[in-house]
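Same chain, two partners: subunit A is paired with subunit B first, then with subunit C.
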Partner chain A sequence: MTVRPIYVLAALLLVAFLPLVGDNYVLRLGTMFAMYAVLAQSWNIIGGYAGYPSFATAAFFGLGAYAGAILQGNGLPMPLAWLAAGIVAGLFAALMGAAILHLKGHYFAIASLVLAEVLLEVTTSWTSLTGGGMGLNLPVIRMSVEAQAQLFFWAMLGLAVLTFLMSWYVSSSRIGFALRCIRQNEDASSMVGVNTTFYKVVAFVLSALFVGSAGALYASWVFYIEPPDVYSVLTSVKPIVMVMLGGAGTVAGPVIGAAAFLVMEEVVWRNFLSIHSAVLGLLIVALIFFLPNGVLGFIRKRKRTGADHSKETAA
Partner chain B sequence: MVPAAIEPTRYSMLYAQILLNGLVLGGLYACIAVGFSLVWGVLNVINILHGSFVVLGSYIAYFAYVHLGIHPFLSVILAGGALFALGYVVQAGLINRVVGAPVLTTLVLTFGLDLILNNGMIVAFTADYRTVQLAHPLGSTVVGGLVLPLDRLVAMLLACVLTVILYFVLVRSSIGRAIVAVRMDREAAALMGVNVKRIYAITFGLGALMAGAAGSLLSLIFPISPLNGSEFLGIAFIVCVLGGLGSISGAIVGGLALGAIQSFGALLIGPQHGLTIAFVLLIILLIFKPTGIMGRRGYE
Partner chain C sequence: MSILTLKGVSQQFGGLRAVDDVDLAVEPGEIVGLIGPNGAGKTTLVNLVTGVYKPTSGSIEFDGQRIDGLKPYQISRLGVARTYQVVQPFPEMTVLENVMAPATFAAGAKSVAEARDEAMSAIEFLGLAPQKDVLAAELTLAGRKRLELAKSLAMKPKVLLLDEVNAGLNPAEIDVALEMIRAIAARGVTIILIEHLMKVVMNLCSRIVVLHHGAKIAEGLPLEITRDERVIKAYLGNRYAEANPGGKANG
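The block that comes next holds the complex of A and B.
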């Protein structure tokens, strides 16, 4: 028994009616949820399906944010800037992926973590283009505050739905099959004719495209970006926690995890402002010890106790 | 014509001075990284907590000096002991339970623990930068035209001594031999009667001890703040990849190399980019030679 992807899609579409019932605060939460859903689902492609511990999400997000902001600053219309930012992030992922995806385990994790660090330093140093440590302001949009809130909410939700469709497609296609093979035994899959390098790069690019666009959308949404904000290492870690929370390597898991994570984060921010990162840490520790396979894994285990565990990873 | 004859020697003196500064820094970097390398090599765990351990060591040295008047050089024992206990408890109580899990699990777990420790330090000590102001600094002396900052130099020598002690502990003591045995083959070591979980806890404790000791030496040189934790962690990463994982000599070579690279990089393109060059170098090394300068070894 699993949560069917179609239900998740329906739930996502239902969220689109949020502006009818909620005020701007609820809309802000909705936009955050959609953004988290994009990040978590994207990470799930490389981290969940292919099993590569990528910490590159912050690199893609920050690169997309800056690409979008700079393009918009040079007069490109907003939607085109978002699209272009996704492409920039995707190209970056293709180039870097070809270079670092031959690394395994910790070495890959560190290399992907360092990508964001290098981009952060480059962005901070390249003052003429990026404004450096001073940050970058985005062009003002002539629209009422309410209209803006709705616009960014729907745009981000649209992106989340697109990411969902991509993830759904991947899971049932040759790509998903190849990635699962790679996760289970990379050498063996290469031996039986899976082009592992190609599929790993594809997975890395897919995990970057939508994150790049989400970064650009975020930049337009908050009007002002600075390097430590968009390249924060937390941007890399949060999606991993969400996916672990929901269930890695599933279509529905990341979306459920993103929603659950947002609720917890909001509660923590409201009640424990000065120790919010410690509470996040506690959440992570508790998650690893008590829900190692995520909510979906937990449900599945309860539904068929005593069932063959090898099926669980194959499903 | 005379100035032209003088110029080369002046430049060579400048380079010698920069090299010296780099090596002094590098010795301390080696001390930061050696514990990180030990944990990574033996437990196959990347300890994200390591940077915060260093900072905690610095705080212990700071408060010991301010309140008890204990010189940071002596606090090495205090900070090392406290951090060993903390590391032992963390490994025995928490990380041991997931030590065989995939890379991602242990990475995310230590990240979560780091969030807790770092946030705890911010609440307890605030994020303000503090510095240890020695009542009787050793100052500096000039030898053969080179300026020797004595406090730094002693700190670096102590760091090297500690690293050498760790080496002899691993090579000579029975605990050290057990650590190396576990590193080489966990199952075989267990069959020989080695209590693997206990060895893991001791190894993690030793890693934390080295971090705490390095922190208390660094308290003389760098401002102390919980915000520095990630930078120390970054340094440990780079040193391990530069020098090669799993050997004391790798950490020393990597540390000295990083110190020299940072000093000359600061000269060439400005001090604020010192770490950037190191990170770029790290990526290039990972792509072309992920085993590092000294190659991957097993503390044999």
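The block that comes next holds the complex of A and C.
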């Protein structure tokens, strides 16, 4: 049995009722989950469907955070700043994608990793615009703490739902078909008429748009950003782990992976405060080792061997 | 008018001239055999026609349009299909999905349903219907070669370049493949056949072109070619000529 996307959508919408039952701690977790879901689903487009191991998530996230913060600082209303940040990240991805997507495998991974490093340096040195290493404060919102927590939770969850709809659309469209061809055999893809460059750039842009908006939303949420925080390499690595956990190249996998990762992170954080990153690392290694195709891959494999088994007994 | 015309086509790889000043005109409906020793430049020629390489010099025209310099996906959409010497399926997709890819992207099917219909007709034509839901990675070699043919048919090609589709098949499988190629040609597809098996070439081709060290050394009817001194020396060998006196070909 595979997990139908519609169930995942229903689950996401159910999460929207969290403010009715939980306190601010639960809401913070819910917001984090939604943010992780945006990042994981976005990475899944370029990494899962197209098979290009991108480490550019942090670049899109940080760029979006700074674009949103600067625009908001200049008086743009918050929702418009979020939208604009997504577009900025998308344009950046289109330009950079055209430049680095002809690289394959490790070469592409390293090129994409460098994007965040370069943006980090630029942001740190461009003090007049970004505040440099001092970081940037965002305008204060006149709202109660509770109302803010709910606002950002719903906004982030809304973004996660949008990302989900995008991912769902991609999976059943021509784009998704082209990307799956590219992942399995890029040369053969161009021989059967797939414009590989075009579809790879589209995938890279789709993997940036919502991450850029998530970065801006994050900036508004935490009120203060600084370069090492938003361009952290962990922002690139975590979504990959989540997608691996859930199942790469599937619609439901990244969402399941994001939830599983958040739970793991939170449990480990609470119980092993001083050595939490070591324990989390070990856990990730173990999971990737024993579940190479993620939770969904595991379910599918069990179904397949089950079917084979029944065929054998029938024969 | 020729459907495919090569004029003075050369391809240089560093110090190696892989294809050297080749002229070739292929008429619609022909089955042209392209033979020559290993390393003669046959596959490079296919790569030039399909846009994998851009020729160092010379021009390639397809259906009255210059195609040298176009990208592979553009050339494939015009109606030039190929199969690879080493089969190139999408391993994690089913046979049906594999064939739907060219129907969708090269032949430009407007909907999934249309692509599926196109793909199914190619699959049925090649007798792959029973395996349509099998993963490409699980097919036998003969099955994968057939899948390559189905994929190229689904592109609705005008010209089909077959790069050693029969290599690695056993004699019974080759006979089946021969029938398939003939059936494809009967649909009006022009075929360029790269082949080492003289039996296949002699059986199918109306005309043969011989490459040696990148250059065209002979061109003509199958019988003429088997008697050509240069071809015997470069490729067929004296034993072939002696075993087939008068060029009688039974390979």
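Simple rule for what comes next: the second predicted complex is superposed on the first by the 305 of 315 C-alpha atoms of A that agree within 3 Å, B and C clash if a C-alpha of one lies under 4 Å from a C-alpha of the other, contacts with A are read in each partner's own complex, and residues count from 1 in each chain.
One rule holds for everything that comes next: a residue touches a chain if its C-beta (ideal position, glycine included) is under 8 Å from a C-beta of that chain, and two chains touch if they have at least 3 such contacts.
Note that the structure is predicted; figures quoted are calculated from it, not measured.
Engineer: Check whether subunit B or subunit C contacts more residues of subunit A in the superposed model.
Structural biologist: B
Engineer: Which partner does A:Glu117 reach: the first (subunit B), the second (subunit C), both, or neither?
Structural biologist: First partner only.
Engineer: Is A:Asp187 touching anything from subunit B or subunit C once the two structures are fitted on A? First, second, both or neither.
Structural biologist: In the superposed model, A:Asp187 contacts subunit C only, not subunit B.
Engineer: Is A:Gly90 touching anything from subunit B or subunit C once the two structures are fitted on A? First, second, both or neither.
Structural biologist: Once the two structures are laid over each other on A, A:Gly90 reaches no partner at all.
Engineer: For A:Gly297 in the superposed arrangement: first (subunit B), second (subunit C), both or neither?
Structural biologist: In the superposition, A:Gly297 contacts neither subunit B nor subunit C.
Engineer: Identify the partner contact of A:Ala109: answer first if only subunit B is touched, second if only subunit C is, both if each is, neither if none is.
Structural biologist: first
Engineer: Which of the two partners, first being subunit B and second being subunit C, lies in contact with A:Phe289: first, second, both, or neither?
Structural biologist: After superposing on A, A:Phe289 lies in contact with subunit B but is clear of subunit C.
Engineer: Please work out whether A:Ala178 is in contact with subunit B alone, subunit C alone, both, or neither, and reply first, second, both or neither.
Structural biologist: Touch partner of A:Ala178: subunit C, not subunit B.
Engineer: Shared contact residues on subunit A, subunit B side and subunit C side combined as an intersection?
Structural biologist: Looking at subunit A, the two contact sets are disjoint.
Engineer: Contact residues on subunit C for subunit A in the complex?
Structural biologist: Counting only subunit C, the residues touching subunit A are 50, 52, 71-73, 76-77, 81-82, 84, 88-93, 100-102, 104-108, 151, 155.
Engineer: For subunit A, which residues are in contact with subunit C within the complex?
Structural biologist: Those residues of subunit A that touch subunit C are 174, 177-178, 180-181, 184-185, 187-196.
Engineer: Please give the residue numbers of subunit A that touch subunit B in the complex, ascending.
Structural biologist: 47, 51, 53, 99-100, 103, 105-107, 109-111, 113-115, 117-118, 121-122, 125, 233, 237, 240-241, 244, 274-278, 280-285, 288-289, 292
Engineer: Given the complex with subunit A, which residues does subunit B contribute to the contact?
Structural biologist: 40, 44, 46, 94, 97-98, 101-105, 107-109, 111-116, 118-120, 123, 230, 234, 237, 241, 272-273, 275-276, 279-280, 282-283, 286-287, 290
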